[in-house]
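Note that the chains are named A, B and C in the order they appear, and that numbering of residues resets to 1 at the start of each chain.
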């Protein structure tokens, strides 16, 4: 077993064990944190398929999270206010809509985006995401700018998503499946072509592969996976607003992938964990430092509002000095 | 449609377009020559506004504050280049995006630490507070005319610099063929730093000009940077002409969209729906245009010739 | 998230009888982004209230935990979740923004906590989504602009142009003024709000002027207010289309407009449920101490936050710090038995205050500092328009 797979296994084991333990010991909040982390990790894993393995730097991946969440929120909204049938709370239908809408959106936009290269690709993916953002802002009926409160969670067989443990369990299993799926894809012939096209597109085309179609397929798969993660996110937050899908949110997903290590299966999970936990740790640490500093300086200081400073510095340092992200750092000496 | 309203709105669009050009020109220079994606370019715009605000209170004179703030922002641009950009030149665009994203967080928080969370109002001298009648019902605030004037002036200066000076020649060569410039024995590091500082000063100037209208506020740069990116993508990366045309186009479309779209929509839908969807659709317009341009011309409207 | 142990002097804490547990108050507001200027003001007022209380409600110690919503509804919900689940607070209060309150509402109420809005008053929460454990120390969004609509009628304004940000409260404010204003609405602009809010209003101001309306009604809270006023005056509209505002020319923007020498703000009028000039003992003490500590007149955000803490303290004191009996705490909140800086008020059936609304004018005080003073009373004991939709009990 390679060191990287070992790290991935350890991370996944910790993620499986710690949150329920926290929950049972009366720290329900940390289970929530873990659920959010796990759901975002699914989105990061899906982004890694195109960004890491496919070399397609999508700056609009948060749009799929939003589409997926609205796929839960909108039927639930009509169920509550317009009294449409109970099918509207069926989780399988929610997930079906989320995946289908995301895949169709990825197919249409991908077909256009993939005509461009490099930074043009980065910006056009962002443009499409911004269009979805403004589209939802303009639909007053579903709350527009204010967002939509999701009053009832998806109904699934055997599971009760109102139970935080069930929701976490579903997210966790989904993450494992997503990782296995991406692993399977990148090791298949399809994945080999995808990675070859990232390395040298001309050569791959010369070998007789229609790389455009390969890329588009990967793009659609990735979008559909992120849409699925969005459906989970909607169930988790029970609230969705356009703000959750603007370019900053997409930037954060990119960050998780790079922070953890692109082109590794476990990297995006590690990145998502580091990203989410870092915020908590920094805010709390700065908060704790306040009262000793207060007594030392005699004036009140509000450090915790400035957690972005160490956070930003850390990100810069990682980009500058840590090639291959956390996975590269921890699993050094391989490849 | 009211003709003088159309004239006024066109002037407003022109003003927005020129401010966008000031930000976008630096971005396209840095991008075209250094091949560096600088998300933190908007932070220089914000820093320009804050320094100008502080110095306006210190000197009691807005114009003097602008003149002194310009070199300060240029120097801050140099610092950013030296510390963050230079180590990243050889990396891929992804690292640029992430590194400068981190820089935005750091600079925003530093500004919060230094100037506090609230924005700063920038007072104008009395002669800039008034309005100028331009015939008929067209009355325009003096300061907005000044923005249009300085925007056009800066654009003219930039065209002269790029097209008729030795530095400009190097910049143009650098944009199309980087190895050529270094082969000519030019100190490429020096050239890069100069370009970066020039871009910083232009963005800073835009921030100084908008501050008396809105205010110097944290995060103001993050709002304009994405629009500026749209401008340079539509115009073609590295093309000054493209940035100019695209900036004016987007400024006009955005402003005219905000002014007249709801009236147009009212023809086709209920007043209520028109009033809420029009602002969102006019905000969406610039992205629709960008996607349409890229779908037809994947290199933007005016791609530099050799790339 | 920041913890403040109360500013109680060590001495008072030693002499106070030992009590089981402190009552915890979670305060959600905006502490980063440009809107932090409002959050900071509320935080100052909360600290002042805690100081006036000596950190105690009767024999029970109070503890306030501040949380930053970053001006975003999803973040607001996250921090509310944390306050409820991790810090296990007894009250969740604060909330500048209506959309943040709407997003966070379920987390606090489902968690079995009292939710007390110190500012936002979205129509939904006053009507269909009202809850027995929700209380407000401010107003329902529509009320203040309704008072302004009434003022416009009295002043004989025949037609109006309306501008507001495109979010929950903006829409409520527009609905409010339209409900009472009897003249014609010539045009309306709802502008982009949120983290990348539109701050250059040149296009909208040109439209307002071209509409030929008798008056311009606006709602731009926080930093946007200062920006709007400046552009309005730069465009020379003062004599063309008079300005009527709610929550725009307020305690936050006035000092900055004075710093920038915007003399034309003097005399401008707005409506509100509170004013620093209100003549009651609690308000005099609050305004004087706030000015002494922070150097400016308090804004309505400060007044409402101060009241939120005082209301909570009164309920904690009345129940002897026993938070297990929620019915008793609720009854104590409902009584509003404390010295509010707005004077006495009662709670309506939907737990929004039934209170007076005033017309106020910007004036220079004896020291030359600009502030507002009450000109007239517009509504007495005003009940909001959504109370009838609220089915409690």
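The rule is simple: a residue touches a chain if its C-beta (ideal position, glycine included) is under 8 Å from a C-beta of that chain, and two chains touch if they have at least 3 such contacts.
Just so we're clear, the structure is a prediction, and the values are computed from it rather than from any experiment.
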item	value
Reaching chain C from chain B through chains that touch each other, fewest steps	1
Most distant chain from chain A, judged by the mean position of its C-alpha atoms	C
A-B compared against A-C, more contacting pairs	A-B
Distance from the mean Cα position of chain C to that of chain A, given in whole angstrom	36
Distance between the centres, which are taken as Cα means, of chain B and chain A, whole angstrom	31
Multi-chain contact sites of chain A, meaning residues that touch two or more partners	137, 144, 305, 308
Multi-partner residues of chain B (each touching 2 or more other chains)	112, 276, 279-280, 283
Contacts with two or more other chains, residues of chain C listed in rising order	31-32, 36, 166, 195
Residues of chain C that touch chain A when the two form their complex	1-3, 5, 31-32, 36, 68, 72-74, 77-78, 81-82, 85-86, 98-99, 102-103, 105-106, 166-168, 193-195
Contacting residues of chain A [partner chain B, same complex]	51, 57, 59, 112, 115-120, 122-124, 126-128, 130-131, 134-135, 137-140, 144, 247, 251, 254-255, 258, 305-306, 308-309, 311-316, 319-320
Residue ranges of chain B in contact with chain C within the complex	2, 4-5, 8-9, 12-13, 15-16, 112, 117-124, 129-131, 137, 139, 141, 143-144, 210, 212-215, 217-220, 222-223, 255, 258-259, 262, 275-276, 279-280, 283
Contact footprint of chain B on chain C as seen in their complex	31-34, 36-37, 39-40, 166, 188-192, 195-196, 199-200, 202-204, 206-207, 210, 223, 226-227, 230-231, 233-236, 256-257, 259-261
Chain A-touching residues of chain B, taken from the complex the two chains share	31, 37, 84, 87-88, 93-95, 97-99, 101-106, 108-110, 112-113, 226, 229-230, 233, 237, 273, 276-277, 279-281, 283-284, 287-288, 290-291, 294-295, 298-300
